[in-house]
Each structure stands twice: as C-alpha cells, then as structure tokens.
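Residue numbering begins at 1 within each chain, and the chains themselves are lettered A, B, C, D and E in the order written.
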Amino acid sequence: MNDIATSHRGTVSDDVLISVDGLKMHFPVTEGVVLRRVVAHVKAVDGINFEIRRGETLGLVGESGCGKTTTGRCILQLERPTAGSILFEGRELSGLKGDELRAIRRRIQVIFQDPYSSLNPRLKIGEIIGEPIRVHGLIPDKAKRDQRVRELLAVCGLNPAFADRYPHEMSGGQRQRVGIARALGLEPDFIVCDEAVSALDVSIQAQVINLLEDLRDEFDLTYLFISHDLSVVRHICHRVAVMYLGKMVELAETDELFDNPKHPYTRALLEAVPIPDPVIEQARAHQIIKGEIPSPINPPSGCVFHPRCDIVVEGCPKAVPAFREVKPGHWVACTEV
Amino acid sequence: SAEEPKQGGVLRIVVGSKIPSYDGHRESTFGMIHPIRPFYSLLIRVNPDDPQSSNFICDLCEGDVPTATNDGKTYTFKIRQGAEFHDGTPLTAHDIVATYNKIVFPPEGILSNRVSRFAMVEKISAPDDFTVQFDLKYASPGFMPMVATPFNFVYAKKDLERVDPEGKDPQYGMKWHQNNINGTGAFSFVEHQPGSHVLGKRHEKYHHEGKPYLDGFKAISAPKMSVRIQAIRGGRADIEFRGFPPKSRDDLVKALGDDITVQESAWNCTFGYAGNQTKPLFQDKRVRQAMTLALDRWGASNYLSKIAIVKTVGGLALPGHPLATDEATLKTYYGYWPDIEKSREKARELLKEAGAEGASFKIWNRAVDQPYKVVGTWMLDQWKQVGLNVEQVVVPTGPWYAGLRDPDAFDVAIWPSCQSVVNPIVDAGAWISKERAADNRGYYTDPVLDEWYDQMNREGDPAKQAELYRKFEKRVLHDEAHFGQVLWWHKINPHRSFVKGWKIAPSHYLNQSLDQVWLDVPDEERKQRTMDELGG
Amino acid sequence: MATLSEGRLAVAMFEEPAALKPWHVKLRDMARKQPVGVAGAIIVVLMVLMAIFADIVTPYDPLLNSYEYMLAPPDGNYIFGTDMLGRDVYSRIVYGARTALFVGFASAAVGGILGLILGVSSAYFGGLFDLIFQRVMDVFMAFPLVIMALAVVSILGTGTENVILAIIVPFVPRCARVVRSSALQIREIPYIDAAKACGFGHARIILRHMAPNVMAPFLIMITAFVGQAILTEASLSYLGLGVQEPTPAWGLMLQGGAEEFAESAPWVAVFPGLAITLAVFGFNLFGDALRDVLDPRLRSSQ
Amino acid sequence: MYKYVIKRLLLLIPTLFGAAVLVFLLLRAVPGDVCQLRLGGGGEWIDPVALEQCKIQLGLNDPLHLQLVDFLASFFTFNFGESMWTGRPVAFEIGLRFELSLQIAIMATLVSIIVAIPLGTISAIKQNTWIDYLVRTISIAGIAIPSFWLGIIIILGLLITTQAWTGTPWMPPIDYRPLWEDPGYNLSMLIWPAVATGYRYSAVATRMTRSALLEVLREDYVRTARAKGLLEKMIINRHALRNSLLPVVTIIGIEFAFLMGGLVVTEQVFNLNGIGKLFVESVTNQDYVMTQSLVMLVVTIFVLVNLVVDILYAVLDPRIRYS
Amino acid sequence: MALLEIDELKTQFFTSAGTVLAVDGISYTVEEGETVAVVGESGCGKSVSALSILRLVADPPGRIVGGRIGFMGRNLLELSDREIREVRGRHIGIIFQEPMTSLNPVLSIGTQLTETVVHHLGYSEQKAASRALELMEMVGISDPPRRLEQYPHHLSGGMRQRVMIAMALACEPKLIIADEPTTALDVTIQAQILELMKNLTRELGVAMIIITHNLGVVARYADRVNVMYAGKIIETGTAEDVYHRPRHPYTLALLNSVPRVDQQRSAKLDPVEGQPPDLTRLDGSCSFRPRCRFAQEECAQAFPELAYVGDGHRAACFRSQEIAAGLEQVA
C-alpha cells in the first residue's frame, strides 16, 4: 500500500478509519398536508461501499445531484441513512445518541463549500472557533481557550487579531480558513471537505488546497474530499471514487483512475474537462457526452448510466452491474470493461 | 296650543339600544320601548299632555282613571268600545284580562319581568265584555303606577291562545308576541330589519279620535351617541328620546339655531353608589358617612351638568314628586351640606375616627360613558380629596352586572336605578335588606328599613305614608349612609323644531305612543317623507 | 513542523481587511439614504424622551380636575386646552405617551420573544411538532381580536397589564409565523449543520445560532408592532375595553365625550388623535427604513 | 387541483374545531350571562324568578361539557340555532348583515387596488426620490391613523363643509338600503366607510407593492429583459409587476378576510349594520350562540380567503402547482 | 474596421464605501466572427465591462464615466435611450451566468423567446412563433412546440441556458456577450453548451465575447484572450501566446495555481498569495504589486502601459521583457 503514498501526498497507513457499507439514503417525497403520504423516493445515495484509511484522502467526484454531499452528511450523522452501515474505527455510527454521538462528533468534522453561509454571521470569529472547544470541554479555561483560538488562526494562516472580527469583515478565502480552524479546534481525526475549495477563486483556491495538504501532514488528518472539480481532486487525493446518480461507478488510485479510466462515464467526465492549454485542447477530439442527468426519483433501470452511454449493450438496461475489482485496487461498475 | 296639528309624514327616530324581543312583558329596555311601544296601547298611561305630573289617564279604558273601592282593594276599569287590533279584531275586556294575567300570573315557562311587583294582585276578571276588575290582596299605593308601566302592552286574547301550527309548543301563543306584533297602538307594524330599523305606519282605526297625525315612524338603530347627535344635525333623524349630554345640546343649538328645540326634565333615574358591607372597611358607618360627605353635590350639579346627563340634587324620591324631601331638610343630611369645605373636614374627621385615613378601594363601574364613567371619574377625584386612595375598575355591561351579584367582586359599586313610572314607594324596595332585595348592592341587612318599607306599602293615608318615607330616606342616606345618592339624572332632548306634540316626561320609557306627534313642515315634505319611507 | 504555520503567518499577516466605518459615519450614511426613516427615528426618540421626562415637561398634574376650566380652549395656560373634567390635555398627552410606550414596548417585547422562540423551535424541529403548532397558530390568527380582547378584559378586568395581554395573544402567532418562515431558511444554511456537526444541543442551536439570525425580520416586525400595539390599545380603549380612567391614555382621551363634542371642543379629540397617529407613524417609518436597511433582499446594491 | 382544494377544505375542520373550543371556553369564562343583560340591561329591577326561567330556557344551566357537545354537534350539522338575544335564527341575523359587510369589503378592496398598485409601482421605480418619500409617507400615515378617528373626521368634515356650502348640514345615511334597490342612497352611505378603510388598506398594499417590486427589479430576469431592448414600460408591466403581485395578493386577501369580520370600529362610527357591529353587540350581550357562530364564520372566511389566495398564487405563478 | 472597439472604458460605482473603480480604462476590439475571452478573478470587473457595452449597469450606483464603445460605426455611449434599446437584443445579444434566475419564472418560454422578435423586428405572432420553433431546434431542444408552452421551472439548467442562447440569437445579432455562461452548470453539460455556442457562432458568423474565470474554457474556445486584474486589462493576445508565453506575473501565477487534470501531480501548487485589491482604494501604482514576486521600486510609481511584447500580444508589466527572458533570473 505504501507505494501510493508518494512523498508529496503524505503517508497513508494501513488501518481503515472509516468504512461505508451498502449505504443508502432515500429521501421520501411527500404529498398532502395532514397525512403526509410518501409518493416516491429521491434515491440520493443508493448502495455504496468504500473505505478510507487513516491518513488517506479519498476523493469523491461526480456531477451535481449524484449524492456526494448526502454521503458526507450521512457520515457526519446529519442524516439518518435508510440502510447500510458506517463504521468509524470499527464502531457503528448510526444509532448513536446523546453523549456518545457528541463524542464522535468531536472526532469527525466538516468543512463546507460556501465560505459565506457556513459561518454564523452573528458570532465573532473567536466565538465561532472557541464555542465548540468550550462545549466539548476541551479547554474550560477562558484565557487558555482564547490562546488556543489564536493559535488555530495562526495555523490556518490568519492574523490572530481576527478573533475579534465578524465573518462579514473577511474575504471568502479568509472565511474558508476560519471554517478550517473551527474544524481543527476539536482535534478531529477525520474531516469531510464538502466542496471546500469550489467557491474560491483560482488563486485563493490554490492557497487553501495547500493549507489543507499542510494540515493533513501536520495533524495526521484523514479527508473525504468531495468535489466536482476533477483537477483539484487529482491534485490532492490518494484515491478517487466517481459517483453517478447515487451509485458508485468507479474507484481507483488517483493516477490510475485519471490515466486509465475504465467506466464510460468516468471517461466522458474527463473528456468534458477543458485543459488550460490551447495547444492540447486544439489536438483533443471533443467527444461530448449526450443527454442530461436523469432524475434520482426515477433512475433508469439496470445500469443507471445506460441512456447516456456510448458502449451500451443489450443487457445494460436490465441488470445492475456489479461493482467489481477489475485490477488490484481498481473497482468499476460496468459489464463492458 | 294654538297650532293646528298637520296630518301626514313620517317621523324618524334614532334609538341607542337594541330590541331583544317585541314582548314588552318580558323586557325592560328602552331599546324596545321606543320602536315597539307605538304599536301597542296600555290600559292607562301617563298623560301625554302633562307627562311631568304623576297623573294617569285612560288609554284603553274609558272616562277617568278609576279609584279604589273596597278599602282600596278593588279597581274596576270600564273598557273603551270600538278599539280594534291591527288585524281587525275588536278589543274587549277579555283581551285586557288575558294580558294582565300573563303579566301577573305567567304560566310556567313564560317570562314576565314584573311578577313580584304585582304581588298585591289577587285576581283579574272581566265581569262583562267591557269591564275589567282587579282584586288586590291588600291596599297598595304602588298598584296604579304598576298598571301604567309602559311595558304592559295590551295583547289580543286570541293571539295569546294561538296554537302552534306544528303542534310542538303548548305555550306557542304566550310566546307569539316575542316575534310578532299585533296591537291596538297608533301605528301598525310594517317591518323590522334587525340592527337597522323598525318601520310602522298609521293605524287607521286608532281609538283616539283623529290620531295619530303621522303617516308612520321609523326607528333607526344607532348605538353610538355621536352618530345619533350627528344624525339629528345632518337631517337623518328628527328626534332621539333617551337624552343627550348637555354639551351636545349646546353644539346642536349652535349649529342649527332655531331649527332645534330643546326639552329638558329631571329624570327618574338615581345615580348612586354603595360600599360593599361584606367588606370590613364599609361595615363602619363612619366610613360610609365620610364617603358621602366627601361628595360636592351642589357644586357638581353646577359643573357636572355641563358635561354629563346628571343635574338634580335630591334624596331617594325624584325631586318634584309629592314624596320628595324639601331642600331645607335635605341640606341637613350628610353630603348635602351647602359648605363643601366643612363637609370634607367632617369626612376626614370621621375617617380618622374610624382609622380609615387613606384607605384604598376600587369603584366597580360600567363601561358606559354617560353618566357612569364621567360621574365615576368625578367621584374618584372627590374621594381622593379627603385622602382616600381610589381606583376605578370599568368593565363591560355583562361582567359588570355579574360582578354586582357577587359580593366578593367589588368594593364600591356604582348603583343606578332607572324606573319608568314615578313610584317612589315601590322603588324604595331597592334599599331594604339584602335578604329581601335581590338588587341590594350594599349587601347590608337592616330590619328597621324592612319594617318601615312594609308599613309604607300598606299605608292608605298619604300623610302618614310621607312621614314613613322621610324616616326611611334619612336612615338610608344619612344615619346609616347605606346608599350614596349622588345626583339625579337630567334628561335633555334636543330635537328638530318641526317635531310638535311631543312632551318630555321624567323618564325615557314614558310618553312614547307617538300618537300626539306631528310634523310642522311644508306639505310636500311630509308627502315626500311618506313616499320615501312607506312608498306611497 | 512549527515553522510551517509561522511561515504561512508571515504571508497572511499583512492582509488587512477593509477598514470598518465608525458608527457616526454609518449613521450619517443611513440618514442620507433613509431620510424618511431618520424622521421616524426622531419621532420615536422624542416620544421616548417625552415619556421619560413627563414630570419635567408638563405644567399640570394629568389627573388634576379643575371644574372651573372644563373644556377650556387652548390658550396660554393650557396649550392644548382642557378636557371635560378640566384636566390639561397637553399634560395628559405627555403622560399618555408613557402608557402608550409601556403598552407598545411591553407587548411587543413579550409577544415578540414568545413568538421568536416558538417560531424558531417550530422551524427547527419540523415534523409533527411543526404541523400541530401551525394548526394552533391558524386558529389564533383567524380568531377575531375583539373576542380575545373582550374575553381577556372581562375575565381579568381592564387595566394596562390586561390590555397588554389582549394585544400579545394575537401577536404571538403572527410573529411566530414570520419568524418561522425565516427560520426555515436559516435551518438550511450550512452554519446550522456546522453547529450540529460540532455536537451542540438543541437549545443552544435554537437560541444562539438560529434566533439571532432571524433578527432582521424580527426587528422589523417588532418596530412595526410597537406602532400597531399603540394603535390597538387606542382602539380597545376607544371601545371601552382598554386602559381605564383616570389613567392618561390616548385612546381613552378620544373616547367618552371627545367624539360628541368634537366640533365645539375639537382640541379634546384632535390632539390625542394626532398623538396616536404621530407615534404609530414614527414607529412605522422607522420600521420601514429598518426593513430597507436590514433586509438583504431589499438592500440597494452597493 | 380540485383534490388540493378538497384537502384544504378538510383542513378547515381542525382549525374550526380548535376555534370552536377556544371561543366556547373564552365566552364561558366571562362573568355574567345574556339573561341578566336582557332582563336588567336597562338598569331595571330584575325578577329573580324570571332570571332563572330565562337561564333554563336558554340551556345556560346545563353542565358545560353538554353545552360544548351541543354546540359542536349543532355546528357541524349546520344547524346554528337561535340568537340568545333576539330568539331569531342565527343564519337569518347574519344573512341580514352579510350583504353590507361584503359590499364594503369589496368596495374597500377596489379602492385599495386602484390606489395601491400604481402608487406602489411609481414609488418603487422612483426609489429614493421625493415621489417615493411622498408615497411612503402617505401610505404609512394610512396605517398610523386610527380608523375610528378618521371616520369621525370624515363625518364631521362632511357636516361642516356641507353646512358651509349649502347652508344645511348633510351626513351620509345611517340606514342601509341594498345597492339594487336604491343605488344612489346605498353608495352615498357606503362610499365613506369604504374610503376610510380603503385608505388604510391601500396603504398596506402600496407598501407591499413597493417592496415586492423593488425586490423583483433586482432580479436577473429583469436585467435579461432590459438586455433584450424591451421598453421600460413592458419590462415593468410584463416582467416585473406580475412577479411582484404575489405578496400583494396575499396582503389583499388577508385584509379582505379581516374586513369581512373585523370592521368593528368603523361600523360603529358610520352606524353600519354589518357583521362587525353584530359581533360587538353579540359579545357585549353575551349572546353565546350568536358569538360562536360569528367566530366560526370569520374563521371560515379567513381560511377560505387564504385558500383563494393560494389558488391565485398558482394562477399568477406557474411554478406553483398544487396537486 | 473591427465590429466592436472599446476604448478607455471606465465604469465606476458610487457607494457609501467610496468610489469603486470597477472598470478602469480598458480597451480591446472584437473582429467580426471572432471569439474573444475575458478572464480574471472574481470582482475584477469582467461582468461590469460586459454590461457597460450595453449600458446595463445599474444607475445608481453605477455610471460609465468615460471612454468610447464603437459598434457598427456608432459610439454606443452616445446613443439615446431609444437607440441603445434598439441595439440591445437586436444587434448585440447577451447570455448571463445564472440560467436559473435569468429567465422570468412566470412567463412561458415561448413568450420570452418571441417578444424580442416581435419587438425588434415587428414580427406577427405567427411568424414569431415559427421563428421560435426554428431557434429551439437550432439550440438542440427536443420537442420544441411543447417546450415553448412550458415555463422555465420545467426545464433543467442546461435547457435553460440553451433557451438563453436561443433568445440571444433570435434577432440574428452581430455580437453575443456571454457572461460566464456555463459556470453554474455541470462539466458534462458545460461541455455541451460551449460546444453548441462555438458551433453556432461559427455557422452564423457571430462574434462572441466570452467571460469566464475558467482557464480551460478559454483555452478550448477563445481566439484571443484578455486577462483582467483589478479593473484593468493586464495582458492580451492569442490564446497560445497568453498560455505559453505569459508576460505578466499575474497571468503566470494564475497558470501556476491551477492543478491539471491531464498531468500527474508533480509538486505543490504555487498560489498567488494575498488577496485581490480593494477597488475603492487603488492608487496610481500597479495594482498587482502587493502580491507580485517581481515587484520593484518602479512598480509603486505608476501603472505600466499595456505594451506590445510580441505580435498582437501585449502586457502591462515593467518587467515583461525580463519575464520573457527567463523567469529564474528574475525571481
């Protein structure tokens, strides 16, 4: 395993930190005001499996609505999954309540996409970072806690004096750093980064990506890195999982996936990403994937990708393809590879 | 007067209260007297040409009002011939008997509001078709005034005996008048739009020769005082019969000059208060006396009468009535001393003696401006001047009445009493012991008063009666100060000058048959009014 | 790798955020942008000052009856004239401001806070709680004010406190509903998820994280409601259900005679009416401006 | 859609039920009763026997829970009973007043719509100019002026000005005649309260139009419309106004429902025999049956108007579809 | 003569926080049928410069304070309101970033599509309707008759953006301005839309200004690129010039800070540190100076001219020659 832990992406150990098995999250679509009847389900996540090892960064990519955020929220216990299990250090998360849940929450943190809405505008930066520390009783002493807040700000590349500011007095990049500092304050083991850099400008985005990488190394963190930006994922992740319509279609080590995509959807996705080099672009044959993403309420039968697939065969609409390992560490859900 | 009444036209009245039902026997509000009384006649009534006197004249009876025979125990009325109900039924003595039987001896389940006051009546009978005889258990000076009560509408026997077409209600006839109108009054019923108006038209077969002068009347409901005033000013109504505050009278006169005529009269309504004697503070006679001493009645008669419908300083009986106390005697009673400073001095002294200096209490007042809240606020001020600590609780009418019935609810109650026919002897029943008078607001027991009251009621000799009455009054107002009479109401009726023939009575219940009223306006306008309201 | 954070710090240190404007500059900006609102604020402030310093600014005791000066027209002695018991109308109006403001602020504050907590909780918990809560609010919203006021007043008696209660009862559901709809939006904003993810309890999330964020619609509502409460108090008093004599209160001054002699003694009706209008006007102007300032959807782009 | 309507109507039941219980309890909590008022309302002496009789007849002595069951049963069987005050059927009494209340509500709504939409639009388009300030001031004044006070001023103003001009003071009629019987009379009576309430009402709607339009004018699609080179008039009328009408419709609906049941004060000032006056009367008379029915009527109107508003929403905004 | 000639365009916002110099004297030209890209960080004035062309900047608080926009021989800034309305939609179409909010939710697609041709070309309802059908087919929307009756909320984001394109093309304009037309869309849909726009503009010979911050998009579609920073164009040239021979440190840094999907990771990213400047507080100096690792004394004195560094390739940097010569030495 250590062979993928190339020096510039940090070290990955062998022990599994998070293991997701058969995760399903179906949101009921209701009708009626008094007697809310369930008329359908949004199959936001429809049976996915993966593991994340300690120190690893797993990328989760896919188009809008494919269930990336929902997966993250399930791990964070912000949603109650319909089915499946989520093990954290071998302990089942779903069903935890009260103090146990609070204890776990300290160890699993999140960084949100939108730096504007993920900070409570009424609280000062110091309070935003300090409150969780206080509530979890990590540092009961006020002065020491303030000291810690300043440290955290510094660690995230912010001026410690910012503790007295409100979020609206800061730029987007700075706010995103505050969100990171808040998560770090609880000394978590695992952080879900849900589109943590997508809303930032390229130059700021690069700053934050570097910060995340540094912190990973410095504090031995594990990330679930959710993004729709394939370039960023390629840059930061050890392994990448591709989702489509609530299902996992491909999972492999980063360079293997990008250089050697197996699933037609992964290939189409890569094809669609423009490359910032006019010469290369000129040379690329643009095979544009057709059609739009179907609704997760009524996903296509069999392989959900078959209506847009260019290598579709007769059996595709009928049977759900198994998610199988085609090469060591390379999993694909397609019968044709 | 010299003026010749003119025939025709419709009179428009504004009425400030609501009509609960059309059955006078069970109601007690002027809100139904003003619009409904013109449809009915009474056996006897207050003389419309001299309503200020306590004289009664015959309405449906004939000749002079009868005097008692048989030691004051029998009254025999000759009934007028030729009177006719609006539906054409001729009136006989049996109708009168049926009517009074309903009032005096209502069958089970039928409401009559004056049963207790007719307690002296033994039997009512019709020796022949045009004679009615009342036999009393004992002679009572209160009897004839009760007969003349304007709520005693005369109904037709056949209406009272009507049977339910659906066969359900055995008392159908007895209740028929609640929702139907058939009388011998000057006007016959045309329509009633609840909440809006009542319309009546001339009864052609009315038993008083040549009357009524009007073609009809329209009684428009207008609960707000200001609307009624403006309606008269803006030509939407001609008259209001209850009474306006003095300031509004001045405004109307100022705005309309000669077009407005104002009639004024003392009003047979007391305005008083009582300390609740279930509460220790008011059990002390000295406190009660101090309270009455603190009120500057003579001053208030001057200045309050400019803003409120109260004016006359008096005792328990309406000033002007033969039983009323003369002013000189009155001025010796507590609270009636001409020198208010001396009076207040005495009040403070009494309070000190009673150890009740700066005592606190609340006035339980009704959420009606005139005169309740105005006078209540004034009383509060007066009592404050002798160091009492007074607040006012003002509640809507319903809860106010409910509170009066609950001795735990209030400290000092405003205690008004409005009666129709001036009848001080019977009305004195309000101030006897709480065990006998259900509306005793002082919650006191005073056997002396009870005894005097009974004597008074059975006393045939007017002189002795007056003497008893004086003793009774002095005890109520002065010696025991159970009741504080503040001021008598003062009735002010400004109306359009062209309304002629109506004379103000000392009560807004009296003299409302409208048969004497006529309109002194040009012929075309009278026609126009008839056209407008009655459609030709 | 301590050097690492130090190194980053070195880069970040010079980033100075945009300077914050001092409050007086903000105030001036607001005055320029919201002249109408500032006018409202001035009215409100004057009223409050008037109420606080009533003793100083009035020439007479508002309860002092002087029967020799009943219904005296405005003159040097009585600048707004006297009422029918000879009380100084001006003094009564000034003291009436106390009553009005007390009723206005007290009912807005109590009703507002109740509505805030109920509304936010309803939005936060959602589900069955929200459903039942909504139906109950429906009933209260549709329920006529008169009945409510009359019942409260009849059961508990008239007087300032009960008037406040009568005003609060219909206000709570209105406030809760407005708050709820904003809170529903707030609930979806990631910082609430962040709070949950930090393991905070329900009460903390509701009170510390959600409630302060619905402040903008809440404050707008509250200011408008102070005005409304003053108006309602006046109307109730006018119907005889409100504050009682001899307490100086504006609605009460308009009631009981004022109307009947509105022509010959207009000062009795005109000045209290103007006082009510002006006060409510002030609060509404202020609230309106507040809406323009606080409501981000309406904020003029800058 | 019709399914949705039926569902909403069914939803009325719990609301009505809640309101029914609430009004029932509130009314009984008030001390006193209709009999005392009827028999002694004039201040006369009350015969205790008569009082007891009256209570028995009206069922006031029955145990509370029986009274409640009776009331609920009668209500949900549409047999509303008789007024305790007049003895006439409640439906008849309300029917008499409904016409007038409805007419005023409609007239006031018309007045307000005619005033509010143009004014609100101008105010929004000319935001922060003196026109805007003027409109806002006028409309806030409309909310601030106590309606009863405005009513008094209108009536007095009419009396005084007519006396000054014609010599005889004139005031609006104080008794109602239906529009189709005597339109002149009817309108000369109802126009004043319609204007007095319409002013307040339009003030609310003007403010709402303004703020809604301001919001919409900042929307991207308005910029799109501009980019298409459309005339400003078309942009306002076709693109902006329709979107901003939604909240305005709500306000108009709520106010309409309010007018139908709540013109308590104005009806008094103008002596209108409408629902509001009946309301106050029946409450002060402690006429339980009438009051209960009126509350239910008002609640029903409120809920129905809300439903109509929601349906209008769907008409105006194709995004909203009820199924 | 070029189709569009922007010369020293200046647009400012007058706010309580001060005057925002959103567009601070930019000049560029667009030839007929050419696709020109404008790239730059958020807030650097890309949208405002585009809106200024059609004079759609909200006034207040914004105002075009100077410059000239020559279009088909006329200065757009001098046209009357009526005349500029005739240019909008008729000769210049515009496509906005947010397909979700740029269409009026209460009007049917058909109405929104036909109103331009009815208004500008005086088409009858029928003629407009058939034109609408034609347009819908052109932008690849299936089942046009049904779609025309639908409302925006019935359509997916990609569909809406197609409708926006159809609307912009309705009157056969000479120029289309596309302000981040695909930023809100998914990669696959983004690729579809861009491809469509490219094909259509080629076929119809329409010129296009495409505004984006996605360097990949520019590389794929643009003939020429203008890089903006803080209200100014700091580098302009053909796509190949700008990507392979950047002459401005900002362009350089920008290219270095994007990870590449087509290459294995080699090292950490090299971001531009610091924040973009506050547009209300610009002095006359080079606005990139605080973040620039090549900054020197001179840069604080004046803003460098946009000078030629190659054929049709210009950059606004005092040290562009040195950058060209070799980056290592400079750094």
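Heads up, the rule we're going with is that a residue touches a chain if its C-beta (ideal position, glycine included) is under 8 Å from a C-beta of that chain, and two chains touch if they have at least 3 such contacts.
On a predicted model such as this, the values are computed, not experimentally measured, just so you know.
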Field: Given chain B and chain D, the chains that contact each of them
entry: C
Query: Counting one step for each move to a touching chain, how far apart are chain B and chain C?
result: 1
- request: Tally the contacting C-beta pairs at the C-D interface and at the D-E interface, and name the larger one.
  value: C-D
Message: With centres defined as the mean C-alpha position, give me the chain B-chain E separation in Å.
response: 91
Separation of chain A from chain E, taking each centre as the mean of its C-alpha atoms, in whole Å: 31
- line: Averaging C-alpha coordinates per chain, one finds the centres of chain A and chain C separated by a number of Å equal to 46
- line: Going by residue number, chain E touches two or more other chains at 273, 275
Query: What residues in chain D touch two or more of the other chains?
result: 14, 30-32, 152, 156, 159, 284
Query: Mind pulling the chain A residues that touch 2 or more other chains?
result: 34, 171, 174
Residue ranges of chain C in contact with chain D within the complex: 33, 35-36, 135-136, 138-139, 141-148, 150-151, 154-155, 227, 231, 234-235, 238-239, 251, 254, 259, 262-263, 269, 273, 276-281, 284-285, 288, 291, 297-298, 300-301
Field: Interface residues, chain B side, partner chain D - complex
entry: 14, 17-21, 26-31, 109-117, 178-179, 193-197, 218, 220-224, 226-227, 230-231, 233-237, 255-256, 269, 396-403, 405-406, 409, 416-419, 429-430, 438-439
- line: The chain A residues in contact with chain E across the complex are 8-9, 63-64, 171, 173-174, 201-207, 209-210, 213, 228, 230-232, 234-236, 254-255, 258-259, 268-281, 286, 288-290, 292-293
Statement: As the complex stands, chain C meets chain A at residues 1, 4-6, 8-9, 11-13, 15, 17-18, 20, 131, 189-191, 193-200, 204, 209, 212-213, 215
Statement: The residues of chain E that touch chain A in their complex are 41-42, 156, 158-159, 186-192, 194-195, 213-220, 239-240, 243-244, 253-255, 257-262, 264-273, 275-276
